[in-house]
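Listed next: structures, encoded as structure tokens.
Below, chain A partners chain B and then partners chain C, in two separate complexes.
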Partner chain A sequence: MSRSLSMEAADRRFGWLMSAPGLALLLAVVLFPVFWALFTSVHEFTLIAPNFDTFTGVDNYVTAISDPAFRHSLWLTAFFVFAVVLIEFAIGFLVALMLNSVERFKPIYYGILLCPLLMNPVIVGLIWRMFLHPSLGIVNYLLTVIGFEPVNWLGSTKIAIWTIIMVDIWHQVSFMIVLLLAGLSALPREPYEAARVDGASVFQSFFYITLPLMMPVIIVTLLIRMIFAVKTYDLIYIMTRGGPGVATDLVSYAIYRTAFVSLNIGEASAMSAILLAFILLLTGYLYRYMRTLT
Partner chain B sequence: MNRLAKKIVPHVILAIFSLVILMPLIWILRVSLTDKLTAYKIPPEIGTLGLMNYIGIFEQYPFVSWFTNSFIVATASTMIALPLATAMAYAFARLNTGGALLRLGVLASQMLPPIILVLPLFGVFLLVGLTQSRIALIVAHLTISLPFLSWMLVSFFEGDMARLEEAARVDGATRWQAFFYVAVPVAAPGILAAGLLGFILSWNEFLFVLVLSGPGTQTLPVGLASLETHAGVEIAPLAAATVVSLLPVFALLPFLRKHLIKGLSLGALK
Partner chain C sequence: MNMLKQSLMGLALATALSTAAHAESVNILMEGVPDTEYVKALLPEFTKETGIEVNLEVVNYAEMHTKLVPQLVAPTGSYSAIVVDFYWVGEFTKAGWLQPLDDRIKADGFDTSVYVPKLMDLVGQVDGVTYMLPFYNYAMGLLYRTDLLADEQNKADYLAATGEELGPPKTWGEYLQQVKFFTKGDMKGVVNQGLRPDPIAMEWSNYLFANGGEYHDADWHATLNNPAGIAALDQYTTNVNEYGPLGSASFSFDEAFNVMAQDGAYSYITYNFFRAAIDDPSKSAVAGKVEIMPVPGQEPGVGASLNGAWGWAIPKSSPNPDAAWTFLKWVESHEIAKQRALQGGSPTRVDVFDDADVNAKYPYTGAMKDMLLTSHNFPVFTYTPQLVEVLGRELSLAVAGEKSSADALATVETEMNELAKKDGKLK
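== the complex of A and B ==
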């Protein structure tokens, strides 16, 4: 008894010993910056006089929240995240179901859809800017060929956010497909055979078998994609810099602007802390659902 | 009729979808092979095709330097993170070190938006005089690769492997020996694939490099982004640069295809 207890203690010690170097580095490069940001958010901190002499309490938070531009960026981000996640899910699930039902050409389709997934958002942004150029872009040329008016894709305050959403869908929809397909191909066969014997239609077996069985995979996939969509930065920097005006000013870009263009470090840190709270909330949900999956 | 439709409809949908994904990529390839003037022609002309843009980007822009910096930063941060993450993941998987709280912490670090970290890192590097250095970039990329790898590798140490190790322990191996000579070799293919994914994450990272790099330390994504402002919108060289920067990632694809789903789903799916 005492021997197995000492074994357990030795196991525990070994576990901490193994994780110590990694944990130390993680604390230094992730946790320390997070605390720095939180600390900065309650002080008056400027790049000219980088010190923590003046404690300001919630002032930076009040400034951030009462700033209409920041509130706008939060709402815009929420809208953007819901739009891309929902549309990517709808297209992604359809394509995943189709891929799951075919045998022939499947590796070709799969290989093609992997391409955008490995591309860097900077490159995606650059090539789509090229295609969507109002007068020199191929997209507007093709539109005029089939008899439509050319569209000012990135220059119009009404259209720009939808352009960003479309480009993001082109880039990221494969993420949904790959994960949903992995979930679909792991489903058991028996319920479908039983349903067919009972004369269920394709739609019935989708709504009563596929959907309920896929729920955990769907939730995890949507949550991961949501968190990554909240972080969207590169595409905005490359395609619009938040413009025209503030039409595409997603929260990551708004923080960047506040910190590195307006040089308002305190307010940017408060904005970061608010964003951090949202991300942690989503991560908490993700962690819970991931445990149900494995 | 109904059965035929059932066979054809999926292929129609998949073919349309594949075309939407593929057309922009083919177009980029075409633009990269045309001369600068033809690239702008609307309606498009095929013109003469050649490799002049591929040669041009190496002559006109510090492309080699971007490429080298990307390679150094991605390799160094992955090489530092991989052994540490392997040991940590092993402890999480097998010895449940730190329990649920620590695992949640690692997942949360991975989910942090870079914009939250970049400001403090910039402040710290400014204080110690390391802004614009490669070291700053490597440290910044550790904030991405270390949590990603630690989280991902946990699942590689779970499951049947425990029995092999127990056998080794019965034969008198120490805990360290069981880890180093049994667990690591068995998990090696997964560890390697995870390392490659970590490399790609760093290779594609933009924001940290944008803020923390200097004239000599820019990586490919930041270099490419500056290309556009450099010379107006020179789409032909830009297309060539795009193609070249995609090559390493696509070259790695066959090696990690088996583990791609695990990587994308953060270990939740196989």
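== the complex of A and C ==
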């Protein structure tokens, strides 16, 4: 008995020893920057005077929260994330279901679908900015050919955010498709065969078998996509710079401006910490929900 | 064994020699603009004269500040010399990132009196200390269509409509009248660069100066929310929404330039380097039909152009400041500055502006000089980039109809006063 216990302890030690380099690396590249940012957020740290001489406590947090522009950015980001994740999920799940039942030319469909995802967001922004040029772009040209009025895609405060959402969907929907398709292909066949024997319709199979079995994959997919969407910065920088007015001023771009235009790293770190807290809360909630499902 | 030893020694010697041969090299971060290309074309001459290699790292404007700051903060950075946009002058000098050049200028007898004084104020001296040598200027001017002005039908229609002769506008009021007159069907009177923050902030500054406004008084109190400022913003909003092409509220300068170059507008207030570009038939459908002039002011002969420029500087973190100074002296010598101007570069020295060869090749050089001499400077202080951000946001809100001109300018005034106070400019 004592021999097996000591072997178990030795195994555990060996396990820790093998994991140590990986854990050390993880600490260095993930936890250290996070703690450094948190430490910076309670100091007056600017790039003009990059030192930790002045402890400010929660001042940077208060300044950020009391700034109406930052609060606007947070709300706008929440709306943006909700819209892109929901629409991308709806389209992604539909396409994944269709592809799952396809037998021929699957690799070709995959190739086409993956093209936008492989493109750099900066390139995506530049291409779409050209396509959507109000007077010289191809989109408005095609609209006028079929009798519609040209649209002010990026210059109207009412339309600009939807244009960004549309471009983001074009770029990222394949990510949803690929993850959901992987989940669908891994589902067991037996429940479907049993349901068919019992005379279940396609819709019944979908709602009573596919959806419940897919739930953990769906939650993880939504979670990953949501975190990526919160960080959207490149498209805004290339396409609108937050304008017209403040119509597309997402929070990541606002943080970038505070850090690299205002050079106020302390306040930018506080803004990032606030954003991180929201993301952690949401992640925690979704993770717990996923655990109840499994 | 002996052979191995000999080989290793040979290799060490070759490495040492090659290191010695390339010991002197100057690294510079520059923006990807035509003036950088003109410098690049002349670099072999410098290496031939001095034996110093020059490595230019050319990046997009948006990346420059982000790349520069970590190098400037470090005790020893990787850039021997840098180019500084006028936006950053206050910030870089306040942070103590630039080396004063006065001792070097005095020791080598380098003449800085040849520079246009306004440029020395903008990207040369700060509080009496010389930190930079002006590199090239990008003052803004009015690009306008000469063929439309010369058209007989247009002349007759304009006379009938306004009772005035049609010609290059002598005053701001006349220009606004022409913008309205030329807006017919697909042809627009003006194209604007309404993207926030810098395109709109820089362009609107010309409107402010044209209405007789300024950013601040002698004590650095902001002076924007007044009749001149409000008129300037009302006119800008009208031009974007009524006399400009659809979507110009989100145009950067390249998109606005394309509209002008593709025969879409009568006029465009923009950077002087577009004057050469508009005559390039590969980019422009109106080559030979466009001229540039200073943005007109309230009275004939009063210019309202916004000044803009880059300066050469040596950072305190420069690994080899002496070699960097050798390069700066060479690149800013009369001969090299003239060669750059002959390639199409934008001069900063009066002797290059007045050079007969340069004027013969580019007849609009005189207009460029006038533009510069009658131009106005944007406020240069530690927080210029933040001011541009605030200004861009508020102007964009006003153009989008989400704020009145007075409310938008009141916000800019408040925030500008706070920034000036923080910088110690406003007591």
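The rule is simple: the second predicted complex is superposed on the first by the 275 of 294 C-alpha atoms of A that agree within 3 Å, B and C clash if a C-alpha of one lies under 4 Å from a C-alpha of the other, contacts with A are read in each partner's own complex, and residues count from 1 in each chain.
Here is the rule we use: a residue touches a chain if its C-beta (ideal position, glycine included) is under 8 Å from a C-beta of that chain, and two chains touch if they have at least 3 such contacts.
A quick note: this is a predicted structure, and the numbers were derived from the prediction, not measured.
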(request) Please name the chain, chain B or chain C, that touches the greater number of residues in chain A. (result) B
(request) Scan A:L99 for contacts with chain B and chain C and give back first, second, both or neither. (result) first
(message) Tell me the contact category for A:T283 with respect to chain B and chain C: first, second, both or neither.
(response) first
(request) Could you tell me if A:S252 is touching chain B, chain C, both of them or neither one (first, second, both, neither)? (result) first
(request) Could you say whether A:W170 touches chain B, chain C, both of them, or neither, answering first, second, both or neither? (result) first
(request) Could you look at A:P50 and tell me whether it touches chain B, chain C, both or neither (first, second, both, neither)? (result) both
(request) Applying the touch criterion given at the start, work out whether A:R241 contacts chain B, chain C, both or neither, answering first, second, both or neither. (result) second
(message) Contact-wise, after the overlay, does A:A182 reach chain B, chain C, both or neither (first, second, both, neither)?
(response) first
(message) After the superposition on A, what does A:T157 contact: first (chain B), second (chain C), both or neither?
(response) second
(request) Look at A:L136 in the shared chain and tell me whether it touches chain B only, chain C only, both, or neither; answer first, second, both or neither. (result) both
(message) Can you give me the overlap between the chain B contact set and the chain C contact set on chain A?
(response) 47, 50, 129, 133, 135-136, 237, 260
(request) Using the touch rule from the top, collect the residues of chain B that touch chain A in their complex. (result) 9-11, 13-14, 17-18, 20-22, 24-25, 27-28, 31, 40, 42-44, 80, 84-85, 87-88, 90-92, 94-98, 102-104, 106-109, 111-117, 119-121, 123-124, 126-127, 139-140, 142-143, 146-147, 150, 155, 175-176, 179, 200, 203-204, 206-207, 210-211, 220-222, 224-225, 228, 233, 235, 238-239, 242, 245-246, 249-250, 253, 260-261, 264-270
(message) Using the touch definition from the top, list the residues of chain C that touch chain A in their complex.
(response) 62, 65-66, 69, 73, 91, 94-95, 194-197, 245-251, 255, 258-259, 262, 264, 382-383, 385-386, 389, 392-393, 396-397, 399-403
(request) Going by the contact rule at the top, pick out the chain A residues touching chain C in the complex. (result) 47-50, 69, 129, 133-136, 150, 152-157, 160, 237, 240-247, 257, 260-263
(message) Touching residues of chain A toward chain B in the complex: what are they?
(response) 10-12, 14-16, 18-19, 21-23, 25-26, 29-34, 36-37, 40, 47, 50, 91, 94-95, 98-99, 101-102, 104-105, 108-109, 112-123, 126-131, 133, 135-136, 138, 141, 145, 170, 174-175, 178-179, 182-183, 186, 217, 220-221, 224, 227, 230-231, 233-234, 237-238, 252, 255-256, 259-260, 265, 268-269, 272, 275-276, 279-280, 282-284, 286-287, 290, 293-294
